[in-house]
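Below, subunit A partners subunit B and then partners subunit C, in two separate complexes.
So, the complex of A and B:
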């Protein structure tokens, strides 16, 4: 108990800023309230309103599409890069540091970069695509193109994380296993499929769950690139929440959206913690 | 066999070139473009050879003094959040590393889960509270928010790093009459320095770059650099991209150099932070 003063700052911060407010959101979500009006208990009315709102459904669909497509593409690239690095590269440390660079870039700066790269008139990527007679991204008018750009941006910002997790797991595989497989006459593909991939599976799952959770809360990239427009077509769940709360002052529906976000995140988090525990138990054996 | 001997190195070289292009081109392009004179930013095809000029930086200084005030706010908020988060995480991580028990172990899982709650969720209940406490548009509110969202990861990381320090050192210090705090400060912190640095890298990068909380909780006095930049994006018409590139370069350069310099601690922190629990 003498340790309590050392534990207090962390727990006061977490309880005061995250846990208690998150529970308060539950109460808010069961009431109708706005600025200067006393809250009225309405039960699950806010949840029904949000879940039947076409704008929420569109935002949810956009978010799920982004999470599924961007996170899996990111994993495929990260896995490929980890295997490439592990196969032996010259200047490996330099290349590793290069790959980490986007980790330092803020969402705002990344939006500045990618907006200009894909500028319809002068963007170097647009010009290159046009020169190769490939389709360009008309992201300020076509919602699907805007979402593609948001997805690319998100992959660019978070690839360092995914790559590092997979690469660290790949380095932890003892070389003798590959050696033995080669001696037994396994082909490259068989070694990857039967030795490398199964051993990487726990790290891949952990990284995927982690990225699902973080991609699900995506806000800044989309907000700064399109503001959710044109006509709310590129909204994601976090932008929907922001609009309900701070543009329409509809705290009840906003709180319901917030709690839906918490519930989805906690569900994914439960899977994540379960995998971690199993991993720790396996390491201890 | 012979074809393979050529094809594999060639494929690797192409893959490495693609990785370099992907990671560095966006950064290099805006940094270079910020030095292009006037309209050359819009040259078709893009110019890669030009006479560098600082004119966009001068325009930024003249026209957007608020950006530099934002940078100063970013420095204050980042320093405050880092100090608070590192100090709190080290203290708690020490207790978690040295004491077991069902309650403590269960609360580690709690720490991991808390970290996964989306920050935007707490803006809703905190907004009126922050207003009532007159904390809106202050450095303090951002420092507390940024620290709160990183002490969970920080504690788990510090626990992992401190667990590797032999307990006997604590016991020897205790026999010599050192208090718990003295042991922590004189023995544990120096030996767990890589952990302290890993936590610092996370908090510094996050606080320096964060947008959402700054967007919701600050308005004029405590505006951080990313928020000022977002206003520049909104108000800039086609011609002023150069100023925006200059601002982006200034905002990015220190944190990029820091991350590259500290890459070892970042890698250690990323791997320990997501695969240990």
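So, the complex of A and C:
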């Protein structure tokens, strides 16, 4: 009890930086407000307006598709790479730096770089694909191609995060366990399935959980690459929110969108949270 | 052997030196004032630096410094409105775009007529009356026009010659034909598109609609006053896209791309503010210095000689937030920037001058070969649409339908009908 005042600065910080702004956003979401206009209480009207807006539903669908596909692709590639690195690659340190490098690149720089590389008329990647008679990504015209490019870019940018978590967990698995399995006659697949994967599961769950929540905020990649176009067809929820708040200055619907984003991302991650809790409970027993 | 004692820096001496510096600094700041200005980078640039600083006399006379905080247009307006909504702001002057101040927004800014009556701006009547009207909301003058960006048609003379075209277009139909002819691979081996336009600005479809006598929202708030003209404008853009005269990346093309594409010889025509003339012909940036020309955007053949082209003009004005601390210093700055001398200096530095008399100045005419054509275009120019609370949302909706029509995902007639249906509820009562 006497130690309580010592913890107060942390509570004050959390209260000031997270709790109070969150309540303010709740209040905003229940009011109609803009610059130079006094807020007017409208109840749940902003939530209804956002949820019934076809543009929001399209943005939500795009976001869910991108998040689910990108996060799981990232997980599969990250896991494969972690196992490859752990199996003993030549030039491991150099390769490690190469794999981690995208995480050091700012999102804006990355998008500018990718825009240049995949320029539909003069991009080096486009020209190379054309020279090899391979199909190119017509991302500035075809919405599905644009979403594919956004997905690839987001995987490239965030793969290091997933990879490093799984790789660290893989290195923490004692070699004796694999050795014992081999002595017992287990095949490589059985070792992976029965030893490696269960021991990596907590790290995979943590990585998935974080990535689900972060990926749902996906903004720069889509905004800087396509601006949500053509005709709002590649818009994601964060762009919808940005437009409401900073282009249309409609703070009520923007705040409501923010809370809907929180709810949906938690809903998407709920399965993994449940698995994580079960894991923690099992460990405690 | 070095005598360290002579140069030894004790903690006491360090503290004393630090304290003296702080006090000295404080004293120096206490002597002068700082006017914080919230603007676009271009507004700061045209005021010049060093020996070319157009405000150096003002700084000296007022013993004041000017601290600019610059943003791109949309974030700038957002920040300005946020600052003006606070109890008090550090910013004395903010630069305002003419299609933003609704009644509610205008109420955040100081009415300037009383200041103008008390301490007038030099030859105020010389400032384009249309631009002054644009900054008069609910009968109150809230901003002093400082810059206009009137849209003109730019073309690469060298590429036109390569395509066998001897003279620029005089009608919209000729423009379309020439854009088609210049969609080729140039002698330099560069794939060229006839015309490059950004798809995220209402300016361009509005220009095409006006070339047929139409509009998006007229100054008296009539939504699509001439649907047939709007359809003709969009049909033209659609046909150009289909013919490859607009780039396939039309939907993701930005305003900056227009500049670089023209500079690199990747496009033969574009629509940009006349103020871009110097940049497009800059030998350090452009592959075609001196070969990129500008002219008024042409009207359709049916209107030639009957209706002048109403080019889109965007104007900026200087405003004082009602909650600013030192409004007298802010007004003094606005008066100086609006003077004939500074207006001319800024125009020579590439600013679209708001004073009619500035265009007649020989110094400007010598420096800016398109001054005369810009003055002609400005005479009939008007904003893309008037300000109203849902204007930004209306513009986004309009652009969404335009993109669908130009890319061929919706018949033009349906897109125009959808613009009317969807934008109508957003219009002021």
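Quick note on the criterion: the second predicted complex is superposed on the first by the 241 of 285 C-alpha atoms of A that agree within 3 Å, B and C clash if a C-alpha of one lies under 4 Å from a C-alpha of the other, contacts with A are read in each partner's own complex, and residues count from 1 in each chain.
The rule is simple: a residue touches a chain if its C-beta (ideal position, glycine included) is under 8 Å from a C-beta of that chain, and two chains touch if they have at least 3 such contacts.
None of these values were measured; they are calculated from a predicted model.
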**OP:** Name the contact category of A:230: first (subunit B only), second (subunit C only), both, or neither.
**Re:** second
Subject >> Touching partner for A:183 - first (subunit B), second (subunit C), both, neither >> reply: neither
**OP:** Have a look at where A:102 lands relative to subunit B and subunit C in the superposition and call it first, second, both or neither.
**Re:** first
Original post:
If you count the residues of subunit A that each partner touches, which comes out higher, subunit B or subunit C?
Top reply: B
**OP:** Return first, second, both or neither, reflecting whether A:127 touches subunit B, subunit C, both chains, or no partner chain.
**Re:** first
Original post:
Which partner does A:114 contact after superposing on A: first (subunit B), second (subunit C), both, neither?
Top reply: first
Original post:
In the superposed arrangement, which partner chain does A:34 touch: subunit B (first), subunit C (second), both, or neither?
Top reply: second
**OP:** Based on the superposed arrangement, let me know which partner A:247 touches: subunit B (first), subunit C (second), both, or neither?
**Re:** second
**OP:** Using the superposition described at the top, list the residues of subunit A that contact subunit B and also contact subunit C.
**Re:** 121-122, 246
**OP:** Report the residues of subunit A in contact with subunit B in the complex, numbered from low to high.
**Re:** 2-3, 6-7, 9-11, 13-14, 16-19, 21-22, 24-25, 28, 80-81, 84, 87, 89, 95-117, 121-122, 124, 127, 156, 161, 164-165, 168-169, 203, 206-207, 210, 213, 216-217, 219-220, 224, 238, 241-242, 245-246, 251, 254-255, 258-259, 261-262, 265-266, 268-270, 272-273, 276-277, 279-280
Subject >> Of subunit B, residues touching subunit A in the complex >> reply: 12, 15-16, 19-20, 22-24, 26-27, 29-30, 33, 41-46, 84, 87-89, 91-92, 94-95, 99, 109, 111-114, 116-127, 129, 144-145, 147-149, 151-152, 154-155, 180, 184, 205, 208-212, 216, 226, 229-230, 233, 241, 244-245, 248, 251-252, 255-256, 258-260, 263, 266-267, 270-271, 274-277
Subject >> subunit A - residues contacting subunit C, complex >> reply: 34-37, 119-122, 138-141, 225-227, 229-232, 243, 246-250
**OP:** Could you pull out which subunit C residues touch subunit A in their complex?
**Re:** 74-75, 78, 81-82, 84-85, 102, 104-108, 191, 199-200, 247-254, 266, 389-390, 392-393, 396, 400-401, 403-404, 407, 409
